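The next part holds the structures, each set out as structure tokens.
Two complexes, one shared chain (subunit A), two partners (subunit B, subunit C).
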Partner chain A sequence: MFFHIVLERNMQLHPRHFGRDLREKLVSKLMKDVEGTCSGRHGFIVAITGIESVGKGLIRDGTGFVTFPVKYQCVVFRPFKGEILEAVVTMVNKMGFFAEAGPVQIFVSNHLIPDDMEFQSGDVPNYTTSDGSVKIQKESEVRLKIIGTRVDATEIFCIGTIKDDFLGVISDPGTNA
Partner chain B sequence: MAEKGGKGFSLPKSGKSSLKSPASKGKDDSSAKSKRGRKVQFDSEGSLDTNSTKSNGKADIPSFKGDLGKAGKGEKAGSAGKSQKAKAPDPLELRVEQELSTKTTCMMDCEAADILQGIQENMVVLSDDPAIKLPVSFDRGLAYGQRIRLYDNPQAVEQILGPLKQHGVSDGELCMIANFPLESVDEVFAFVPSFKNRKSKLRVPLENVLAELTKLRKAA
Partner chain C sequence: MSIESFNRLVKLAARAFYDDITTKGDNQPKSGRSDNRGIAVVILDALTRRQWVREEDLAKDLKLHTKQLRRTLRFFEEEKLITRDHRKEGAKGAKVYNSAVAATVDGLQNGKEGDDKIKMHTHSYCCLDYAQIYDVVRYRLHRMKKKLRDELDNKNTVQEYICPNCAKRYTALDALRLVSTEDEYFHCESCNGELVAESDKLASQGSTDGDDNDRRRRREKLEDMLHRVEAQLKPLMDQLARVKDLPAPEFGSLQAWEVRANAVARGANGDNGNDSKSGQGLGFGGTPMPFVGETKVEVAFSGLEEKGDIKSEVSVTPMKVLPPWMIKEGMNLTKEQRGEVKQESNMEGTSAAAGSSDDKKSIGFEDVKNIQDEYIKAYYEALFKRQKEQEEATKLLPETSTTDGVYNPSTERQVGMKSKREEEDEGEDVEWEEAPPAGNTTTGNLKVDLNVQADASEDDNDEEDDIDWEEG
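Moving on, here comes the complex of A and B:
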């Protein structure tokens, strides 16, 4: 789910950037530093939407760098356990399938795929029901529920399930073609 | 061989749907199970959710709980509902708004898509520095928002959902309702387990809201 939150960060700026454009330099550096990053607490920082305040700078001893506390608003994408997402399948193998929902990657193990769907290897590996009416393959859209998350330095990895009510394939690329 | 449950469940999107609905109750070869009614996994946990979300006196997003083991068992065992009830309820795992920070607001996907699209369009104006590029997560977030957005006008959605707040529905719960093309109240209860203990109270207002949202989707 997307959230709009206010975060704070201490930005260090080299004295060569001081001048009329100091604020712009700070904002540029903030965008470079934080957009696209990920933390377990806040999720993915997708975009900065505004600056709330820039505090007074503090000179760092012996370096000349100045630290400015900057409060900023941003849009984050944070998955949580129990959340339902609509994801696009990126890879299918006999262990299960990988899907993406926004910046988040989700793995759905074959144990968490309905028992009546079986893995079919071939050029386009997929999970299919015995009558072939439902198929999960690359580019399929699935509605899944997140049941676990693992946070890395640069990404959040989720475990999902489609073995529950109202979950499963929404559309497969074959039918859309 | 068993037939995939819920094929009949229809979504506004094109293409085949395999989403399971309680009406179809999973597999055909499990008619006995079907009669019993396979409970949505959340149901056995809802009471705890509701109490706990209320306890902080703040608007919380639905406090879901997932469990790998349980999820795995859900389909296989006809008596899954029983066994889950027998288990001691686990503590809540997440209250996202609280965890993130005090100044946190949930966003509907259509709202987020609007904001991100605006940023993308204005990126040239926003930054003179060519070194600043939108990160991959931005592109993916935007693509996700655009792909699943259901409404063109987030304000209209907020207006429709507004009356639910009088029934104690939090912002996070409202966003969950707004993010998916939910068609029945039962689907809402499956998606938002914290409604479990308020089912009777919320059923009518939810029906009204879903009808309005369906109209809005069709008009878009």
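Moving on, here comes the complex of A and C:
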């Protein structure tokens, strides 16, 4: 689930950036530092949408670095248990398959894949129904439900299921191509 | 009767879940002799026939060793089926319990009199906790079915993986770390062994894992198991449904139960059992005691729909006992000063008085009427005479009016006395003498007349009383 929230961060800026475009430098450094990171508390920081305020800088003794407390608005993505997500399959193996929904990795184990889909090893490992009409392989798009999340300080990992109504493949690159 | 339904529930649950419980430790070899499976069912059944029971007595009744019984009871306590109470008590506490038992469980009392020698010992008591049993059984069934269903459609289950080499366990949440670059299997972090998905604990033992055939077989097994659970536990579930809206029998804590059971016993014995000491000695003051006991009995019934026999017994006996009291209370209003007399007269009087007065009325009704008429005539003549005399007297002596005033209150009391005496007194003539004036009290002179008579009668009574006291 996406949220638009305000976060705060203390930015350290090298003295060489002090000048006319100090503010731009600060913002670009913030984006570089923060975007794409993950915190267990807020989830993945997808994008910074604006700067709320930049506080007074504090010069560090010895180094000359200046610390600015910056408040910024950002979009965060936080997966929740029970949430339905659309994801792209990245890897298929005997144990199940991995998929990505943006920054989050999701594993669907083989017992959470419908019983009528069977693993086919080979050049392109995939899960296929007995009549071959539905196939899950790399790059397939699937709709899945998150049934468990593992949230570390800097990492979020999910396990999902496609063994439920309206879940499973939503577009199959194999048939389209 | 809710107790029976609940007992049936307990019995069904005992047979369903505690059939093969053995209290022996696992380290002991189970020979045929020491195999005590099924004893749990016996104990639970025995408890359904009792309320609070001392564990030693239960052991004696079941011909079990106390230790063995205790072990099973402790197990049941952990299972939340029974409540136990331990307390240090001497002969007195045991007595209280014994009398309570005697009140509740007829015929289960075997030679408790010998226990009077007991010094201070810790005794354990146990009792079924019906309300909790109901919840426990329901919860157990719910968990069983939920577990099966979850495994059946693999809902909300996180697949677990196990390393066959080092037995390290992983969950699907660790999958990202476990996936290896060389092949498509998960590998153990510590020994790089190939992980296998842990198979369901309930189904699919000893088969290759991850196989689709295996998955199907496992599914069938689970379905079968679920159906069998449904079928075999149906009686239990039906019983649960039946019991659902019934109030669970509640015995309360051991102390509360003892107090209540003793109160029931007192009520049932017509308060000559335990009340004998207090009731006899205090005469008048003793009377409220049984009444208190009786109200307690009522409370007990609201909670415990136990033992129909006792209930009926009790509900009948107060009926017998109560009427005398009602009459007694009526007397209390007027004859407060005579507590002793009242109680005695009560015993004879109540049944006799009420009945006899009625009889007399019906038998001699016609005669009485005639007598009444004649008497009234005679009385009016006498009255008239009296009036004249009175008038003359008042003219002569103004002091008499003061005497009138003095007598007035006593006349009022007299009216009350009369109604009472109608029930008691044998001498009808006297009664009738008094009755008509009661209606004609309008004339002031009558009062004087009445008072004279009343005083006389009262004096008589008082004299009798005095004599009694002297004798006592």
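Of note:
Methods note: the second predicted complex is superposed on the first by the 170 of 177 C-alpha atoms of A that agree within 3 Å, B and C clash if a C-alpha of one lies under 4 Å from a C-alpha of the other, contacts with A are read in each partner's own complex, and residues count from 1 in each chain.
Methods note: a residue touches a chain if its C-beta (ideal position, glycine included) is under 8 Å from a C-beta of that chain, and two chains touch if they have at least 3 such contacts.
Source: prediction; values computed, not measured.
Annotation for subunit A, partner touching more residues between subunit B and subunit C: B.
Of the two partner chains placed by the overlay, subunit B and subunit C both lie in contact with A:Ile147.
In the superposition on chain A, contact of A:Asn126 is made with neither subunit B nor subunit C.
Once chain A of one complex is fitted onto chain A of the other, the partner contacts of A:Phe107 are limited to subunit C, with no touch recorded for subunit B. In the superposition on chain A, A:Ile159 makes contact with both subunit B and subunit C.
Looking at the shared chain after the overlay, A:Val6 reaches subunit B, while subunit C stays out of its contact range.
Contact with subunit C, but none with subunit B, is seen for A:Met95 once the two complexes are overlaid on the shared chain.
Judged by the touch definition given at the top, the superposed model places A:Gln137 against neither subunit B nor subunit C. Overlap of the subunit B and subunit C interfaces on subunit A: residues 111-112, 115, 147-148, 159, 161, 163. Here subunit C touches subunit A in the complex through residues 153-159, 161, 172-176, 179, 184-186, 197, 210, 212, 215-216, 219, going by the rule given at the top.
Those residues of subunit A whose C-beta lies close enough to touch subunit C in the complex are 91, 93-96, 98, 105, 107, 109-112, 115, 118, 121, 125, 147-150, 157, 159, 161, 163.
Against subunit A, in their complex, subunit B makes its touches with residues 1-7, 9, 11, 13-22, 26-27, 38, 40-42, 61-68, 71-72, 74-76, 93-94, 96-97, 99-101, 103-109, 111-112, 115-116, 119, 127-129, 131-132, 134-138, 140-145, 147-148, 172, 175-176, 179-180, 187, 190-191, 193. On the side of subunit A, the complex with subunit B involves touching residues 1-7, 24, 28, 31-32, 35-36, 38, 41-47, 49, 75-78, 80-84, 86, 88, 100-103, 111-112, 114-117, 129-131, 133-134, 141, 143, 145-148, 159, 161, 163-172, 175-176.
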